[in-house]
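The following block contains the structure, expressed as C-alpha cells.
Chain naming follows the written order as A, B and C, and within any one chain the residues start at number 1.
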Amino acid sequence: MSEIDGPQDVVQADEGAAVVDPRRLHEAARIAEALVFASAGPVPEAYIADRLPAGVDVGHVMRQLKALYAGRGVNLVQVGDHWAFRTAPDLSFVVRSDEGEVRKLSRAALEVLSIIAYHQPVTRAEIEDIRGVQTSKGTLDVLLEAGWVRFRGRRRTPGRPVTFGTTKDFLDHFGLEELRDLPGLEELKGAGLLSGRIPSNFQIPLPLGEDELSEDEDPITQMDLEELGLLTPGGKEDE
Amino acid sequence: MSEIDGPQDVVQADEGAAVVDPRRLHEAARIAEALVFASAGPVPEAYIADRLPAGVDVGHVMRQLKALYAGRGVNLVQVGDHWAFRTAPDLSFVVRSDEGEVRKLSRAALEVLSIIAYHQPVTRAEIEDIRGVQTSKGTLDVLLEAGWVRFRGRRRTPGRPVTFGTTKDFLDHFGLEELRDLPGLEELKGAGLLSGRIPSNFQIPLPLGEDELSEDEDPITQMDLEELGLLTPGGKEDE
Amino acid sequence: MYGTRFNPQKTDASDAAPMEELWQDNRDRALHEEGLVVDIAGFEGPLDLLLHLARTQKVDLSRISVLALVEQYLAFIERARQIRIELAADYLVMAAWLAYLKSRLLIPQQPKDEGPSGEEMAATLAFRLKRLEAMRDAATRLVNRNRLGRDFFARGAPEHIPTERRSAFDASLYDLLSAYASLRQRHAITQVTIEKRNVWSLADAREILHRLMGEVEDWTALDHFLLRYLTEPSERRTAMASAFAATLEMVREGQLELRQDGVFQPIFLRRGAQAQRGGQPDGQGDDDHV
C-alpha cells in the first residue's frame, strides 16, 4: 500500500453504469486521461467519446477519473461540456507560471463582464441600462479580445440588437464548471435582480443615443439559456 | 474499489525511505505533481526538492509518483535529473492522430473571408476593390479548402464573373445561426471594433442569405466550374 | 454626509486571502464635507453617484429614504454648479428626473393623474440601485475567484491540440470581425485624407494669392486668377470659396483691392496700396515661397 495515499478510496462504482469489461474500462480511462492531459485547453467530451472503445460511457469514465484525481495535486475539472486537467488551487503558493500576469481588467470592464455573465444573453443597451452609463469604446473590445465574451445572436425585438454572452474560456479562466456556478446566482435570481424587469414601467432616461439598428427584422432562434432561468420567461426583454 | 483500476496496486513502499508523516508525504507528492504538470519543460529534481516540505526526500517522492502513474494513460518519466509527464507510449496514436492539423488563418485570409461574409455575393474583383490589393489565388483556395467559402453563382455582367459566398460550415465554425447575426455598423462601433472616426456615409452591407441569389446572379453549375478550371481536385494550395 | 470614501472593493473581503488590486483605474472617488472638492470624474455616471450617496445612508438599499437621497443628489449638483464644475448631460437629466420624482413624492397624487405614482418611481430607483450594487458585488466575487494562470494552471507542455472541427484552420469570430473592421476602417480613413486634399484651406488660398500678386497690375477676375488651379471640377467650389475668403482678409490688410459690379457678377481684384509699397504682412505670410 502506498504511503502517498492514492485516491483509490474516493472512487465509487457509478450506479446505473452499463456493465463493461473492467479491462476495457481501464483502457478507456487511460485514453481519456491521455487525451485531456496532453492538451492545455479543455477537451470536448464528444471528442473524447469518439476515441473511446465502443460501448463505453464517456460520462461514466470521466466521473470516475474526476474522483480519482480529486485529492491530488492535479485535478480533472469540467468546463461546460469540456474537460481539463488543472493544478489544485490550494497549491498556487508553490506553482508559478512563467508566462506573464493574468490580464487585469478595468473596473468598468469587470462590471460589464459580470453583467454579461449574469444576464446573458444581454444587449448593449441593457448593459448600459443596468450601469446607468454608456459603455465606453474599448470596454467590450477588451472582453471580446480576451475571449471571455462573444456575440451570441440577435434579440427578437425591433432593431434585432446583437446579444452578448460568455465563452468556455470565461468558465475555464474563473474555474467555473458551468454558468450555474456563478457566485450568488441563485440569490440574485431569487431577489429578482436578474429578471431585467423593473417594478414599474418608468425608466430613468439615458440622454445619449442607445443602440438602434434599423435592419430588417427576420425572426432568429435565440440560443437558449432559458433552462438556466437567465431569460425572463415570456421574453419581455424591453423593460 | 474503482472499476477504473486505480494505480494503487503497483505502488510499493520504498525501501530505506525515512519514516515521514504520511500526510506530509501526500502533500509533497501533490506539490511535485503540480510542479511537473504546470512546467513548460522537464523540471530539475533539485527545483522540486526546494519546494517540498522540510524533511521529505525528493527521490523517494518522485519514485512513488512514478510508480503511481506507471499503469496510467500519462506517465511520469525521468530525463536525466529532470522530471516530466508524457503520454503513455502505447497511447501516442490517440494523441497524435490529428496533430499539427490546425493552422491559424492568415491575416489576408481573414480579411478576404470577412469581406465574403459581409458582401456576399461578391466577385473576386470586388474583393480586391474593397481590400485595395490583389488577392492571391492561394488565399481563396485556403478558404475554399477550409470549407468556409463556396462558389455561389455567376454575376450577369460582362465576363460573367463567379460570385463567392460563405457556407453552412462557416456559420457553424463561427457560432452564427445565420448570416444576419453578423454584427452591423452600430454594433461593431459599440464593441469598440470600429472607431468613431469613420465618415458618415460609411456602410456595412447586410449579407444576402445563403440560398438567395441576387437579381443579377445565375446559379453556378458543374459545367461552369469545370469550364473555369476552378475545380482542381485536391485543392493545390500555394500558401 | 459626504464624508466617507467609497471603495467598494475594500468593504468586504479585505481580510480574505491575497486581494488583488482589482481595478486599474482606482480613481479616488472622494467627496469632502467642505464642498470644495467635488470630484465628479470619480463617478461613472449619475447612477453610480446615487449609489454612492445611498451607501452613505448606511442602511439596506431597500429601506433607503429616496426623498433624502434625492435631496442629497440635488444638493450635490447644486454645489457642483456653484463651483463651476462642468457636468455631463446625464447628471443634469438625472437631476431633472429626481426633481420631478421629489414633487411626485411630496404632492399627493390626483385621482385622474396619468403615469406612475411617486412611490412607483421611487421603487424603480431603489431597484436600479440595488441591481447595480448587486452587479458590483458579483464582479468582486468573480474577480476574486481562483483564476487560471494565477491560482491554478494548465499543462505547461501540451502535447497536442484536440480539435473536433473538420476544418484544418482556426479563427474566432472576434478575429474575423476585427480583421473586417480594421480593414474597412483603414480604407475609410484613407478616403477621408484624399477628400481633405480636395478642400482648399484659407492658408492654401492665401498662399496662392500671394504668389499670384506679382503678376497682376490691373483689375483681374478672380476666376482668371484661379484658372490654372481649377482643372479639377470638383475643386472649383472650394477653391472659389476659400480664395474669396482669403481675399477679404488681404483687402483688410491693404494688400488687395476688390470690386464687383453687381450681384453674381465676376469679382475683380488688383494689388492694394500695401502690396505696391512692397510691404509683406506679418503672420501668415510665412510659407509663400514654395
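As a working rule, contacts are C-beta pairs under 8 Å (C-beta built on N, C-alpha and C of every residue); 3 or more make two chains touch, one makes a residue touch a chain.
Since we're looking at a predicted model, the values are computed, not measured.
K.L.:
Report the most central chain, judged by the distance from each chain's C-alpha mean to the global C-alpha mean.
P.N.:
Chain nearest the overall C-alpha centroid, as shown: A.
K.L.:
What's the chain with its C-alpha centre farthest out from chain C?
P.N.:
Result for the farthest chain: B.
K.L.:
Could you tell me the distance, in whole angstrom, between the mean C-alpha positions of chain A and chain C?
P.N.:
35
K.L.:
At what distance in angstrom does the C-alpha mean of chain C lie from that of chain B?
P.N.:
So the centroids are 39 Å from each other.
K.L.:
Would you mind pulling out the distance in Å between where the CA atoms of chain A average out and where those of chain B do?
P.N.:
19
K.L.:
Where does chain B touch two or more other chains at once, residue-wise?
P.N.:
Answer for chain B, listing residues that touch two or more other chains: 34, 37-38, 40, 85, 87, 95, 175-176, 183, 191, 193, 195.
K.L.:
Residue numbers in chain C touching 2 or more other chains?
P.N.:
Chain C, residues with two or more chain partners: 153-156, 159-163, 172-173, 177-178.
K.L.:
In the complex, go through chain B and note every residue touching chain A.
P.N.:
Residues of chain B touching chain A: 1-8, 11-14, 17, 20, 22-23, 25-26, 29-35, 37-38, 40, 51, 61, 64-65, 67-68, 71-74, 85, 87-88, 91, 94-95, 97, 175-178, 180-181, 183-184, 186-187, 189-193, 195-196, 206.
K.L.:
For the complex, which residues does chain A have touching chain C?
P.N.:
Chain A reaches chain C through residues 35, 37-41, 43-44, 46-47, 84-89, 91-92, 95, 97, 99, 102, 104-108, 110-111, 113-115, 117-118, 130-134, 144-145, 147, 150-151, 172-176, 182-184, 188, 191, 193, 198-208.
K.L.:
Any idea which chain C residues touch chain B in the complex?
P.N.:
On the chain C side, the touching residues are 153-157, 159-163, 165-173, 175-185, 187-192.
K.L.:
Please give the residue numbers of chain C that touch chain A in the complex, ascending.
P.N.:
Result: residues 21-26, 44-48, 89-90, 93-94, 97, 115-116, 120-121, 123-125, 127-128, 130-132, 134-139, 141-143, 145-156, 158-164, 172-174, 177-178 of chain C touch chain A.
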